[in-house]
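Multiple structures follow.
One chain, chain A, links the two complexes that follow: it is found with chain B in the first and with chain C in the second.
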Partner chain A sequence: MRRDPLAHALIRTVPLLLLGMLWQAASSAGLINTAFLPSPATISVALADLLGGGEIGRNIFITLFRAGTGLLLGAVCGIWLGLMMARSLKFRAWVTPIVGGTYSLPKSALIPLFALWFGIGSLTAICAVYLACLLPMTVNTFQGVVSTPKVLTWSAQALGTSERQMLSRIYLRHALPDIFTGLRIALGFSFVLAISSEMIASSSGIGKLVFFYGENGAYDYMFAAIACVIAVAFLCDRAMLAVSGWCLRWHESAANARTA
Partner chain B sequence: MRDLIRPKIELRQVAKTYATDRAAVLALRNTDLAVADGEFVSIVGPSGCGKSTLIYIVGGFLPAEGEVLVDGRAITGPGTGRGVVFQEYALFPWLTVRGNIAYGLDRQGVPAVQRNQTVERLIGVIGLQGFEDRFPRELSGGMKQRVAIARTLACEPAILLLDEPFGALDALTREIMQDELLRLWLESRKTVLMVTHDVTEAVYLSNRICVMSARPGRLVEEFRVELDRTKPREEIFLSDAFNRVRNQVWLSVRKQALAAESKNAP
Partner chain C sequence: MTARPHEEGVKAAGLRLRSLASVMLLLVIWESAARSQLAPPVLLPAFTVVAAELGRIIADGSLASDLALSLYRAFTGLALAGACGILLGMLMARSRVVHWLIDPLVAIGFPSPKIAFLPVFILWFGIESLSKILLVAFACVFPVIIGTYSAARAVHRVLVWSAFSLGTTQHALLTRVILPACYPRIFATLRIALPVALITTFTAEMVAGGGGMGATLVYSQRFFESPTVFAYILVMLGIGLLLDAAVHAFARRYLAWAEE
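Moving on to the complex of A and B:
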């Protein structure tokens, strides 16, 4: 049955509100040491103060720029790599061991090295994000292309599709659902890597801000900044879902995407 | 004028071996076949006998030993002159009904006005008005196969290659689709090569039926079918001529299937 979407969204916030109220009650009752974990009320005051100033917006914008640039570069290169791996056996033989060998490496371990090479700032963060996004994009694109059914490629050939056109007309279209799966994973990675890179090697960005408040014991402001990160990341993920839902409206998954 | 001497499709000593991990499997051996212009030829045989392999070879999708000639020239790969319809429809799921039918015309750079006319006409032919902007996932099996046939016809191929085209449909839909195919063929007289495991379907539709042995496939027997296709289905089905050929072909296929069984038994 269809429900009013607004009412539906409100219902979904109920568990979050309950958790906040429980947290507040525990703080007020003195069960939690507010020196280490500030109450939601104090965090709200800090949040209002943060949102009043321009600092939080500026730093979120910087972080979004780093995450977005790294994601975009990683996606473009990853799609290309995945396509090449799927279409050329020689290329696959060379690249597969490299992908397999580096897949499980936590990319954040490389941040100090990047900081050494590229210094403190955007380039280090973008490189870390790029590397973290590259592999999920490569692997998912590869999967999507190699799983193209033979009868689809044959039909396309019999209808006059040239070898060049096959890439954009058939293989990439067929891989699109997998590419979006990769993009959603990469989007999550991009925030993690941008923020941890800023904590280690940056003088700006939301990661640096959170780290700075933590260092100085301003935990209410630290939590307020984290709340902003959560909100921005959530909105980005929803935007990604909306775009992929529209692009994949032809796909079998479109019928039940509403409930996801 | 139709060329009465030179066959439209000719296979000379065509053979196909598949390389698997363990050994090379012979799928098709020493096959000779000639299909005349405007002829409807069906290939029937037990499952797994290499019937589909034959269609894939004529389609130009699989390389094979021997020679495949179309209009007297050896084929070098797939071509728009040979339209193919697969059992699994093989529609492009990201394109609408209209987009699928227009696909081949777009690849050949047909002007938009002419392309749209052809697409609208074919949508009418397959009776899918009102479904033009649906995606394949929203269609039934019968509707998908209609779109697949229309998509192939849009390029106006001289040859139709049908790989168990109605195998995935329910019995009633299959009969309707057979009648539609028969009507299309009577109107256009295209050269058709069809693979099926349905003996009745083969007799109802074709001029000539080739029976294939179990793997490695070989054409073992041939039957001519002389029926007046303009008569309604009921009349054809109840006629002695139809049932005589049907029984002959059925016995021949059954012999091949049983031979395969006894060969596989320990």
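Moving on to the complex of A and C:
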């Protein structure tokens, strides 16, 4: 059952190419109203124009900066919070209602509030992304640390591991798979929240650009910009999977993935 | 470790007291910060003012109609995503051709931020409920497909073989063995999709208008009616918590058999 990965990847793109050809054929035959759905050829021309012009690159960079900053802050604070919650019953009792409440809140509800506080621009977007990423990181880290088998902690303590070393050598290491699960969820949230807040309260970024083209009836450019968003999100997700696969290569889940 | 039941009861009560205290403390800090004019009332209205506003929008029925509209959109979209996603996931698990056709689309669609498609849905389906319902369905369908597919693939072979040896037909196998075996994991994915449905609905309403919680929230923010903004966020928080509790109760009641 071993297949060449390149051939495998090629086989997987065939349905996409088929779909594109079908779409193009239907547009050319006049089955699709191109005013509402431009043909792939028109979109490709617009895409080439966008990529050549640099406008799309600048706006994607702005969006990635907002999403990335929020994700980074959310991940750092979330891991710390999750760790503290797992290690101290009292701390957990204090923050659980607040974490639980914010966890269930649809985070995009806070965008208008942040817009009220911080005005229109990057700070609003970063705050929204930060909060959206904080919660999955906290909850996943917490679960990973809290589920550390007692045998591991006892063995480490019996071997004379200090409290400080316990954190990095036992708790965080045991929680690492869960932390990466949280990171992947947070990565998805970071794009959604960054783009949402750009659509609601911003004058730049890829979300604003997509909306701008839509409002001005430049639908071929709108679809081209959306294609860029899909490509960037897809590549970031794959990169995250690759990083987590590499960091967890010692873990038993990696062995399962290899045989599957 | 060997605390007597009585002591453990006291401890649990102490922890619950801390949780209650943390929420009360937060409200007191909020109220006193607003009362002492630390921030202008436009940025931070006092909790009592927000509570009064909450009472007003409940009394005049505007909250109820917004809430009903938003929940109708979220749940119709979620139901649509559930129906399509379970069907497609099952087909992917049972047929290699369907898997080959759909898998690349899912691989690309899953990580993409679906909110970026909002201008497309507005273009095709207008700014009323239809575009929002379909966007919610589009956002929720990918996790459901993936969840159903992996659940159906994970059904134990012994179950399938036993059913066959007892003379179960292909059709009955699907409806009486495989689908029920997948219920817990399908439910788990619907649980993931529920907050996605809420977030997508609220965000789409904020961006495109057309009534609902999100639209009112953004209008209030634009006219600097801060108490209304805060009141709506509190309601969204409450909805999130309530639905979360309902899902937990449902799982305990109907899916208790699946717990290992």
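What we mean here is this: the second predicted complex is superposed on the first by the 255 of 260 C-alpha atoms of A that agree within 3 Å, B and C clash if a C-alpha of one lies under 4 Å from a C-alpha of the other, contacts with A are read in each partner's own complex, and residues count from 1 in each chain.
Keep in mind that, in the parts below, a contact is a pair of C-beta atoms (placed from the backbone, for glycine too) under 8 Å apart; a residue touches a chain by one contact, two chains touch by 3 or more.
Worth saying up front: this structure is predicted, and the values here are computed from it rather than measured.
Student: Would you sort A:Ser244 into first (chain B), second (chain C), both or neither based on which partner it touches?
Tutor: neither
Student: Who does A:Ser204 touch here: chain B (first), chain C (second), both, or neither?
Tutor: neither
Student: According to the stated criteria, A:Arg173 is in contact with first (chain B), second (chain C), both, or neither; which is it?
Tutor: It touches chain B, and chain C stays clear.
Student: Is A:Pro149 contacted by the first partner chain B, the second partner chain C, both or neither?
Tutor: first
Student: Let me test your reading of the model: by the given contact rule, A:Ser196 touches which partner, first (chain B), second (chain C), both or neither?
Tutor: Second partner only.
Student: Quick one: is A:Thr69 in contact with chain B, with chain C, with both, or with neither? Answer first, second, both or neither.
Tutor: A:Thr69: touches no partner chain.
Student: Identify which of chain B and chain C touches the larger number of residues of chain A.
Tutor: C
Student: Can A:Ser27 be said to touch chain B (first), chain C (second), both, or neither?
Tutor: After superposing on A, A:Ser27 lies clear of both chain B and chain C.
Student: Is A:Pro97 in contact with chain B, with chain C, with both, or with neither (first, second, both, neither)?
Tutor: It touches chain C, and chain B stays clear.
Student: On the A-aligned overlay, A:Ala158 touches which partner chain: chain B = first, chain C = second, or both, or neither?
Tutor: A:Ala158 contacts chain B only, not chain C.
Student: Do chain B and chain C land on any of the same chain A residues, and which?
Tutor: Comparing the two interfaces on chain A, one with chain B and one with chain C, no residues are shared.
Student: Touching chain A in the complex: which residues of chain C?
Tutor: Where chain C meets chain A, its residues are 14-16, 18-23, 26, 42-43, 100-105, 107-108, 110-120, 122-124, 195, 198-199, 202-203, 206-207, 213-214, 217-218, 220-221, 224, 226, 229-230, 232-233, 236-237, 240-241, 243-244.
Student: If we count contacts the way the header does, which residues on chain A are in touch with chain B in the complex?
Tutor: 149-152, 154-162, 165, 170, 173-174, 176, 249-252, 254-255
Student: Taking the touch rule as given, give the residues of chain B at its contact with chain A in the complex, in rising order.
Tutor: 56, 59-61, 77-80, 82-84, 86, 88, 90, 92-96, 103-104, 107-108, 135-137, 151-152, 155
Student: Would you pull the chain A residues touching chain C in the complex into a rising list?
Tutor: 11-13, 15-16, 19, 36-37, 89-90, 92-98, 100-113, 115-117, 188, 191-192, 195-196, 199-200, 206-207, 210-211, 213-215, 219, 222-223, 226, 229-230, 233-234, 236-237
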